[in-house]
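Order of writing sets the chain letters: A, B, C, D, E, F, G and H. Residues in each chain are counted from 1.
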Amino acid sequence: MPTVKDYIRERFFPHIWCPGCGHGTVLKSLITAVMELELSKNDIVVVSGIGCSSRISGYVDFHSLHTLLGRALAFATGVKLSKPELKVIVPMGDGDALSIGGNHFIHAARRNIAMTAIVMNNRIYGMTGGQFSPLSGLGVAATTSPYGNIDYGFDVVELARAAGASFVARTTTYHALQMIEIFKQAFMHKGFTVVEVLTQCPTYFGRKNKLGGAADMVEWFKKNTTPIGSEAKQKDASLIERGVFVKVEKPEYCSEYDKVIARATGRGA
Amino acid sequence: MPTVKDYIRERFFPHIWCPGCGHGTVLKSLITAVMELELSKNDIVVVSGIGCSSRISGYVDFHSLHTLLGRALAFATGVKLSKPELKVIVPMGDGDALSIGGNHFIHAARRNIAMTAIVMNNRIYGMTGGQFSPLSGLGVAATTSPYGNIDYGFDVVELARAAGASFVARTTTYHALQMIEIFKQAFMHKGFTVVEVLTQCPTYFGRKNKLGGAADMVEWFKKNTTPIGSEAKQKDASLIERGVFVKVEKPEYCSEYDKVIARATGRGA
Amino acid sequence: MERCRLVFSGSGGQGVITTAVILAEAAVLYEYLEASQTQAYGPEARGGATRSDVIISDSRIYFPKVTQPNVLVCLTQQAYNKFNDIIRPGGLLLSDSKYVKTESRVDARQIQLPMYQEVTERIGKPIVFNICMLGAVLGLTDLVRPESVMRVLETRIPAGFLEMNRKALDLGMDLARKVIP
Amino acid sequence: MERCRLVFSGSGGQGVITTAVILAEAAVLYEYLEASQTQAYGPEARGGATRSDVIISDSRIYFPKVTQPNVLVCLTQQAYNKFNDIIRPGGLLLSDSKYVKTESRVDARQIQLPMYQEVTERIGKPIVFNICMLGAVLGLTDLVRPESVMRVLETRIPAGFLEMNRKALDLGMDLARKVIP
Amino acid sequence: MSGIVRFLQGNEACVEAALYAGVQFYAGYPITPSTEIAEQMSYRLPRQGGKFIQMEDEIASICAIIGASLTGHKVMTATSGPGFSLMQEGLGYAIMAEIPCVIVDVQRGGPSTGLPTGPSQGDVYQARWGVHGDHAIIALTASSHQDVFEMTVHAFNMAETYRTPVILLFDEVIGHMREKLVMPEAGEIPVVGRLRTSVKAGVDYHPYLPREDGRLPMSDFGGEHRYNVTGLFHDMWGFPSDDPRVVHGLLRHLVDKIRNNVEVLTRHKEYYLDDAQTILISYGCSARSALHVVENRRARGERLGLLELQSLWPFPYDLVEEKCANARHIVVVEMNMGQIVRCVKRAVRHPNRVALANRIDGQFITPTDIRNILRLIQGKGV
Amino acid sequence: MSGIVRFLQGNEACVEAALYAGVQFYAGYPITPSTEIAEQMSYRLPRQGGKFIQMEDEIASICAIIGASLTGHKVMTATSGPGFSLMQEGLGYAIMAEIPCVIVDVQRGGPSTGLPTGPSQGDVYQARWGVHGDHAIIALTASSHQDVFEMTVHAFNMAETYRTPVILLFDEVIGHMREKLVMPEAGEIPVVGRLRTSVKAGVDYHPYLPREDGRLPMSDFGGEHRYNVTGLFHDMWGFPSDDPRVVHGLLRHLVDKIRNNVEVLTRHKEYYLDDAQTILISYGCSARSALHVVENRRARGERLGLLELQSLWPFPYDLVEEKCANARHIVVVEMNMGQIVRCVKRAVRHPNRVALANRIDGQFITPTDIRNILRLIQGKGV
Amino acid sequence: MAKRKLKEHHINREWCKGCGICVRFCPKQVLSLDEEEKVRVLHPEDCICCKMCELRCPDLSIEIETEEEGESST
Amino acid sequence: MAKRKLKEHHINREWCKGCGICVRFCPKQVLSLDEEEKVRVLHPEDCICCKMCELRCPDLSIEIETEEEGESST
């Protein structure tokens, strides 16, 4: 039976992430999901942008495309549409995905092209040393918000839903089992899927915002999140919901394109 | 009593828009709203991108900034934040606003910075001769969708809401009175406001999709839209709703920045 | 044949550009001649006078724009006023009697034909006005054979409309013949 | 004074870079000397051995990187292994007894001090480990006066912590004095 | 050239050529004067089972074609100045990651939005230096639809041969005008296919290790070889490295694979150079006016010649030096403030003999313009 | 220079200088190795009532500062190669619309993502030619924090004087290293303020009609004069025009206002040039290593000199020609594959005497590197 | 406010492009297009001064001048 | 499926960075960090094989090898 080691590029370990960085847990869950789905390594392309999170692509033993900040989904669209039989997984940082990459994010969602965008939301720009991101939220301390952040944060779930994603979910690095479960659903969904994973950057977000060590931050995810529509949520509105928010079947872009070809070549409808 | 002529740059009329182009009606309503609000021409900056719609900035006798395709809101953000006392109005084409400009659109909404984005939605790229836009919708005929468009369209209202806009409305060129009314509310709202105006491009969208002449297209707006939550809507779900969808009070970006300055200079909280 | 330079002008909807393209295409594909076609683009081209240049020749054409046309066609007054002075002295200036009032001072063979009127009266479909105009040009210049034009049209319009276009083309040629014995 | 080139090395959290900056800043602001400080950046800098170069001199410094340090400080074994061979023959190599096992073949004055141990025992706050190390460097080199270092610290840390840092600095100097009579 | 005769726009000729060269994927964003390329592609590609996608902008467009190239397809995008500016970061990525792709820039009046419908040749230097960091690039141009066709096919061939982006620098005049094109028959112009590795599954494949002949065989994403592609400096497996030797080696490789092949890469045409006392050097639409003048003058017995450049980058310094060795006057005809003329000055033995005949007012330079400038240069006054 | 002494990073020195010059608005996006500029600005600006905003990307950043400049503020943004590539379209707009603004590019290893933390000087030519269409640009650089300060102030002054974007081309070494800065006192370096029109309300104001002295007084958005700003070719009121005379005139103006002022715009330093037989020409961080070598050799009596360029664009051809007139060897020291060396070759009388001393492996070029190359150039072997 | 009464239709023939929108939606069929495809006021007497034509006209070429009921046009 | 029984904790000391996440959330306090800040298995006997440490470990440095109840480890 294959183990995680069969899916990683072992020679690059230990990885460059800081002690306690949640990105490693996402990596582990991603691989576990692929393993449990028994997908072939040759059928998977991992496309990433730039950032600590984006380094994931270098560690997995799939076809890997490490691109430009914010552009991963645009590259991925080319990969997917040109060869729809491939599974395209796009791990992204929150800044990468929603700051500079926001437009590609909403357009990939709009087209409902079958790819999985994993938004590794640590609420900070890790790679560049701790500037606030569009997911930091009000009041957060970051190197570019010394007086407290006044930028509202996006709600990734709402944005993805409004843009047209047909599968949208949220989980955290504490909830590793749920993460794996959601990844499995996402990878098999026929349409654009977004999975937001709340993850910890102890080095910058944790330190700047006095949240203690990595374990404390993971504990925070445990305490401050709850399943969608749980009773707890009714009582305490401040809780963040976890689970699958959107899961609808609607025509996927590549299949629709096949119909265009059929129409153009006069073969069938 | 001032007339419309006092608010336009008369020497450039007749304007370059095609016969029956709805952009002219939007221009007229914009001016009427400003007139009725008795705003001073020196306090208004109209910032636009590129496109037939964006030519509006050249016709109004306000401070006018005709920028780059998709970037109007980014320029406008600089204008507004550096001089918050100005009223900033940003007329945009649907491609301009939501294709290449999509990222600036959602980020301006996220910051809730007090400006009005008028999305002149003719569901086509007019200036370049009739390619489909992210608002064209499925099945539409355009020069780049000869076999019928397979790109889903954005719902501007839902996208603006999800991104954080505090005022979101929709109207059409048939409903000129409503347009003026909505513009007046939008211009006075303290936050980021989005007004989608369904408008006609008889030259490309109309011709390509066999919708008849300009008047027929305006008639279509009359027949196929209805006030938010009207009975008609209950009966016929295909009807497009008009009116104000979102109107909430929440801290505006420039005012919040004043607080940052206060904190930084130690003057008050 | 010696090189012929034409400028077609009129307003947006009149199909001036299509006419120019059809003529040039006919020359290249069915008369084994060289031809080039260019036109004014941009928002300016939208309102106001449109213009399309065509050069037809039996030798290669390098510079494709027309500075002094031997043949100038004007389908609107605006176009006539804007372009009449670029015509080659002694050149042929064709205009439509309904839309254009000509001026005497123009140094050219000015020919006015009631093309629009005739088209509406006899065919009843103003859309083929431009084809009638093309017929007139052929009648006046013998640049290409009408058959060649028809062959181009066959590739461009549904069979159902061919007959009407043929009529319009002939109509234009007849009108032209009347003025040149 | 003649030019002194130092390299401080250790692991991420040990405050190696801060120490380098404090020393150089003290030299410039309160000793009227010239100084430059550079460091390794990038993800690589995150895990693994961090390094910061400092040059102190009474004349202008053009090339700010250190290729052969007169003074090399290593706070971890990894750093020691990586950098010990760049030291200038006969230079001073300071390391912490707890973290580093030295090798004999290194051509330098190797000095090991139980800085970490002493800091934890006498002050109980490992954070000031780096300041203690700085004290040792001063004790061994007299590069700048401890007062100058304290003046820099005053601008950087809350008054409450100054005393503790002063203690760490002195502790380091004492440890150094013990080894040089 | 016994092929079918067509009458079409330069932009359409470019599309026909791309299909001839085997393009399978096009991602683009409309912009005057290149839009007809996208429009034609949207119509033609699906008829051959190819894919066309209109992206949200030009940045996404170039990223998408890079992705599609990696799955083993021939890819292309087209734009004009403003879009080309936006593509620079992606272009740099394609250079660094060595991705075959073709980028068309149908030039219009710049800078900025400039003159969207006016002809210009102002992006020549941007094509060479628009990307940050050291790099080299291949750029071709053409002055007739027949050449547009040929150069477009060459562009795809060079992209595949050297694993690099190739730029086609056309202009508004060529893009929009209609003229004759004799469609080359299949095989008439050689077409270079994607070179795929012969390394078997399980054997270590090096995507970035050049073969003896300098070429780097590729392996399609989805295939047996799983490697890494990055815009960071990388080793022969494609994994990030900041080892000075690796960095130095890669940068040299990226530049030398093009610099060392200038001769093979150079395409040009010449008219009456043998005995020419005055040589016009031109390219793209300007070359048409230049040729018009040359033919005219020759008819009158004047010793005028034309060197038409179809390769702009890498610039053929040696070719220009050789051809101009005996010329008394060298006049560069281009529609900008003097870009290629800089290279010509560097190339020739007597830079002081080089003059510029240009036009920068958004109008197509006419034979008359050139004639007038020639008179002045030859000292004959106006 | 009796000012306060500071010990800080080059990026911080740049911020101090910008504040000294009166910057009031900064929009930016973090990127190594320029990030400290944004971070410092976010802390310092609000303390003086200025505004800092972190935009969604670099494109938005340059657009935002252009907007803020139009309301009458001194503005700036900072980035590095990848971001600078993304800014090219906006930069072209600022050139066309003549908007004063300062753009800092702290260079790192390219092309593409390259070596984010490695030093390089590879963006020099991009700074000149990255924008589509013909244009001219001003670019300054510096080799010490004292110079970073001075050049940054000059950059703001030139931006205001010529109504144009000015680029500060720094590098990773200068940006990140810490050294001494003696803060100039107020007034010690002249600061040029925004030139506002004296035209009264109601009187026709021409935002694009140069005065006798060539300057174009501005009027703040929100003021009495309502005019138009566009990236299209435009008339003296700022309204779009494709009139050939207008187009030609504007393009010439945009280029000539800079070309015709090369001397005024040129900043440089020289060391021991008078009797130098070998002249090193360098700039930015490389100039530090070069100077190190020069001082060393002079101590040994060798006739070595250094010409340090602080103005890169417009390139000071005359200055270089004059200074190098009598040199036997001219060695350009830069950290790229040879960019400024191209201009030097064009400038000097004997191009064959010009050599390149460079390093392209992501490492800071050392005095030893230069010494070794010098030996070889002087024919002394390794 | 007293009922408004039509004083005059001001038609700007130079600006009108004859799109026919005002004609189509005039509740009283007051307007029509003439042979030159410019708007013409056919039945001013029927005008109820709703001004919708003025507001919808994309070319800003219609202006409805009104006066208060009873007020005489001087 | 039969109940899983612990066979062995495989700890990769080279990869472990001592973040302590596995220690903090182990339901049975099986794990702890040693003086070198690497994870150490303190009470293997208490392990219930939930494998949460393995799944959460950001450094992929824990592997829990199990065997079916009754099955003997050869």
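Quick notes on this one:
Convention: a residue touches a chain if its C-beta (ideal position, glycine included) is under 8 Å from a C-beta of that chain, and two chains touch if they have at least 3 such contacts.
In this text the structure is predicted, and so the values were computed from the model without any measurement.
In the absence of chain A, chains linked through touching fall into B, C, D, E, F, G | H.
Number of steps on the shortest path from chain B to chain D, with steps defined by chain touch: 2.
Of all chain pairs in this entry, the one linked by the most C-beta contacts is E-F. Centre-to-centre separation between chain D and chain G, using Cα means, comes to 87 Å.
Between chain G and chain H the centroid-to-centroid distance comes to 85 Å (mean Cα coordinates, whole Å).
Spacing of chain F relative to chain H, judged by their CA centroids, is 57 angstrom. As a whole-number value, the distance joining the C-alpha centres of chain B and chain C reads 42 Å. Residues of chain D in contact with two or more other chains: 42, 44, 47. Residue positions 17 of chain H are each in touch with at least two other chains. Counting partners per residue, chain A has 14, 17-18, 68, 99-100, 102-103, 107, 127, 134, 146-147, 151, 257, 260, 263-264 as the residues that reach two or more other chains.
Interface of chain C with chain E (complex): residues 21, 24-25, 28-29, 34-42, 44-45, 61-65, 67. If you check the complex, the residues on chain A that touch chain H are 3-4, 8, 13-15, 17-25, 27-29, 32, 173-174, 176-177, 180, 202, 213-215, 218-219. Against chain C, the residues of chain E that register as touching in their complex are 5, 7, 32-33, 116-117, 172-173, 176-180, 288-289, 291-292, 295, 364, 366-368. Chain F makes touch with chain E in their complex at residues 59, 81-82, 84-86, 88-89, 92-93, 95-97, 109-118, 120, 122-123, 125-126, 128-135, 230-233, 242, 244-245, 247-248, 251-252, 254-255, 336-337, 339, 345-346, 360-363. Chain H contributes residues 14-15, 17-21, 23-25, 52, 55-61, 63 to its touches with chain A in the complex.
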